[in-house]
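Both complexes below contain chain A, partnered by chain B and then by chain C.
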Partner chain A sequence: MNSIIEQILHNIGHLLDSCEAFLAPILPGQGIAALIAFFFYVLLLLGGGLTAVLARNLVRAMLGLVITFLGVAGMYLLLASPFLALMQLLIYIGAVCVLIFFAIMLTKNTTDGEETRCPNPINVLYAFLAALAPIVVAGPIIYLQTQTDPLQVQKIPVHTPVDSGANLGEGLLSMDLLPFELISIILLVAMAGAVFLAFKPQRSPNS
Partner chain B sequence: MFLSLAVFVQIIVAVLLIIGLMVANAVAMVYMERKVAGFIQRRPGPYEVGPRGTLQAVCDSMKLLAKQIYRPGNADLILYYLAPILAFFPVLLLFLPIPFGPYLTPLPVNDGVVLILAFAGLGVLSNLLAGWGSSNKYSLLGAARAVAQTVAYEIPMILALLAVVLLSGSMDLKSITEQQGQWPWEWNVVLQPLAFFIYLISLVAETNRAPFDLPEAESELTAGFHTEYSGMGFALFFLSEYANMLLVSFVAAVFFLGGYRGPIADGFWWLFIKAYLLMFFMVWIRWTFPRVRFDQLLNLNWRWLLPLGLLNLWLTAIVTKLLV
Partner chain C sequence: MTSLTLFLWASLILLALGLVGLITRRTIVGMLISVELLLNGAGLSIVAAAKTSSTNGLVDIHGQLAALFVMGLAAAEATIVLAMVLVAQRRFGTVATEAITTIKGSKA
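What follows is the complex of A and B.
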């Protein structure tokens, strides 16, 4: 019995070691505190995400989304870019979630919509397949990178030092100008599309 | 690094002091508000308890502590209890980057402005959850108004602050303070009068105070989003509302009125004097102007403050680019 527990503890220790080895290049010199923070944020992300997907009540689902965004902001903090973390809070929680909430309150029947019924099993299957997609896409890359040389992870091209607003602005307006402008075009198109979909030509009250 | 023990202890001490400040501020502001209201409406205000009624607010807070918490039977329990907590705790964080004195910043942050704006967004979320969780039509209406109002007035507020950030080239509250001089004509309000004006209007709207207190308009909505809260649930909303007032006044003082800088000697006393003068201003207009209608409120923002803020930001950008 004791040997089994020892084996399990050993395995957990091994798992933590390999996590630390994987995180070491991303989080230099932070050690165990960063590891605890990392797992806390992972917990927030997974818990919030599951709440957002599984909640039967739209408002609780939105609360799950808020928790997920908090986790994402925490991950940005761990990656040593506090500016991005704060922007995540400002834009996604302060604006996006609040607007979603506004939309929920403007619609009727928030407590007996499609999401309150038991979901179709086929849809559940599809949802699990979709959830596996990141593992399929990113998993092999991460596995190969860490197998060959843990320091390889560093070589993912992050060419702008994003530790302050000034650096970020310079990067966006020099090196990454094209993607930056393309993203704003996407936003413009999305906005125009939303207006087009929502717009109903108004008849004058006389006719 | 950022998790050293000294910084940790510093943050703990700062948070404890801030809680003390929040409570003292609420008690003092309740007394000031009732006295000023009485003076404006030609009645004495509280005068029975203590000398000139000074102990009235203390008695009120004792009553609030001892009150039973009623909750509506069909409330969404998680959201109902989460909302006051969510209203109270982010406010503690908001005071951390404020430079109270030349050597007195609880937590120096490079992006202090962004931190304040980011965590202030959680406040409106708590109003929403309170309004929704109580499952009461008045609460829900109050919450809906809170969203429309706060989301709208956040934009001119950020634009006004951004103009000052452009001017001083920094988002650190301490260096913004340091770039202003000791005398009133060296403060940013002289260079950015329009931004200060926009900020003054939007801070009244952001803190949901009259004449923009539509989320809790008591004559139409009982008490708006906190109708169903009693005892400490209400007390937490109340504390965070007054703390938010103090916070926006601090930010206004730092950005436009020279922060802790002032004639003769720099120090936290100047910051507090300026902040409480602004608070007095907010109380003053609350008891002077009638509540606006909702369409007036939104028209004022989208038709006037937002274009003016954009224009001001644009002019500031051009002028700073030409002169620097």
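What follows is the complex of A and C.
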């Protein structure tokens, strides 16, 4: 029994070694487990994003959006910012998705809406071609500009100078105080504006 | 290829998918979903750039806080769009973008 387990572990080690040998020339200096996690999150992004964009049922599209949010939260974890990952889960999956779900349900768009009609495939093709534009423009720039890493901070998971929430709170109340106050005003105005837009005054019967 | 390249390409994927959604969706709700994809890509690229291009702790904090502000703006935007969807549904009976072509409705 022990020898079988040893054999399996040996084989897994060989597999990881060959993975590393395959990836090492392309991605020097990255941890292999972090790379596997990274590409798993990229798969989540791609699958969830494609579902969110192409699903004909809007509830399914929203579920794809949730998958994408989970992938981005994982990327934040790989970037050594666990507080942001937690906020991603709380704000996006907890709040924004519920708002979108309300919007879908209040407009009866699940089974007989405009979105359920299949779009012209030519139009979808054109949309993908149009979305290639930022990739074609920005992709080579990213590739060329990030080749040299003067700081040698290039491993995934990223080495982190700061990782505690207390530092974030101090930054929020010292150097980023103005954006912090501004965003509180924006949130207040957005809330008041939403109530103002959606509020339907009841007509009293004797007026 | 540095890790910044990888993370920026991941955010570029989100940008492209959000653009595809913005072009192909035919209702406000579908476009709202696509805009959320775009904003996620923006936040991811900000954090990745701040984390991997400096060892200065202040830059790190700035990057994370900027991503937090993007999240707050996304929440405010989703609230406003929900109210707009409600108004459009009440006034036009649909949220298809082809039907909502007048700013001043015929009847409030």
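Here is the rule we go by: the second predicted complex is superposed on the first by the 127 of 207 C-alpha atoms of A that agree within 3 Å, B and C clash if a C-alpha of one lies under 4 Å from a C-alpha of the other, contacts with A are read in each partner's own complex, and residues count from 1 in each chain.
Simple rule for what comes next: contacts are C-beta pairs under 8 Å (C-beta built on N, C-alpha and C of every residue); 3 or more make two chains touch, one makes a residue touch a chain.
Fair warning: this is a prediction, and the values are worked out from it, not measured in the lab.
K.L.:
Using the superposition on chain A described above, determine whether A:67 touches chain B (first), chain C (second), both, or neither.
P.N.:
Neither: A:67 stays clear of chain B and chain C.
K.L.:
By residue count, is chain A touched more by chain B or by chain C?
P.N.:
C
K.L.:
In the superposed arrangement, does A:95 touch chain B (first), chain C (second), both or neither?
P.N.:
A:95: touches chain B and chain C.
K.L.:
Let me test your reading of the model: by the given contact rule, A:82 touches which partner, first (chain B), second (chain C), both or neither?
P.N.:
first
K.L.:
Report for A:44: first if it touches chain B alone, second if chain C alone, otherwise both or neither.
P.N.:
neither
K.L.:
Under the stated touch criterion, which partner chain does A:194 make contact with: chain B (first), chain C (second), both, or neither?
P.N.:
second
K.L.:
Across the two complexes, find the residues of chain A that touch chain B and also touch chain C.
P.N.:
On chain A, the overlap between the chain B and chain C contacts is residues 30, 83, 87, 95, 99, 102, 106.
K.L.:
Please output the residues of chain C touching chain A within their complex, sorted ascending.
P.N.:
Residue list for chain C touching chain A: 1-10, 12-21, 23-30, 32-34, 36-37, 40, 43-44, 47-48, 51-58, 60-62, 64-65, 67-69, 71-87, 89-90, 94-96, 98.
K.L.:
Under the definition above, what is the set of chain A residues touching chain B in their complex?
P.N.:
So the residues of chain A in touch with chain B come to 29-30, 33, 57, 59-60, 63, 66, 82-83, 86-87, 89-90, 93-95, 97-99, 101-102, 105-106, 164-165.
K.L.:
Sort out for me which residues of chain A touch chain C in the complex.
P.N.:
Listed in rising order, the residues are 26-28, 30, 38, 41-42, 45-46, 49-50, 52-54, 58, 61-62, 65, 68-69, 72, 75-76, 79-81, 83-84, 87-88, 91-92, 95-96, 99-100, 102-104, 106-107, 109, 113-115, 117, 119, 123-124, 126-128, 130-132, 134-135, 138-139, 142-143, 146-147, 149, 151, 153-156, 158, 160-162, 167-168, 171-172, 175-176, 179, 183, 186-187, 190-191, 193-195, 197-198, 200.
K.L.:
Along chain B, where are the residues that touch chain A in the complex?
P.N.:
1, 3, 76, 78-79, 82, 109-111, 114-115, 117-122, 124-125, 128-129, 132, 140, 143-144, 147-148, 150-151, 154, 171
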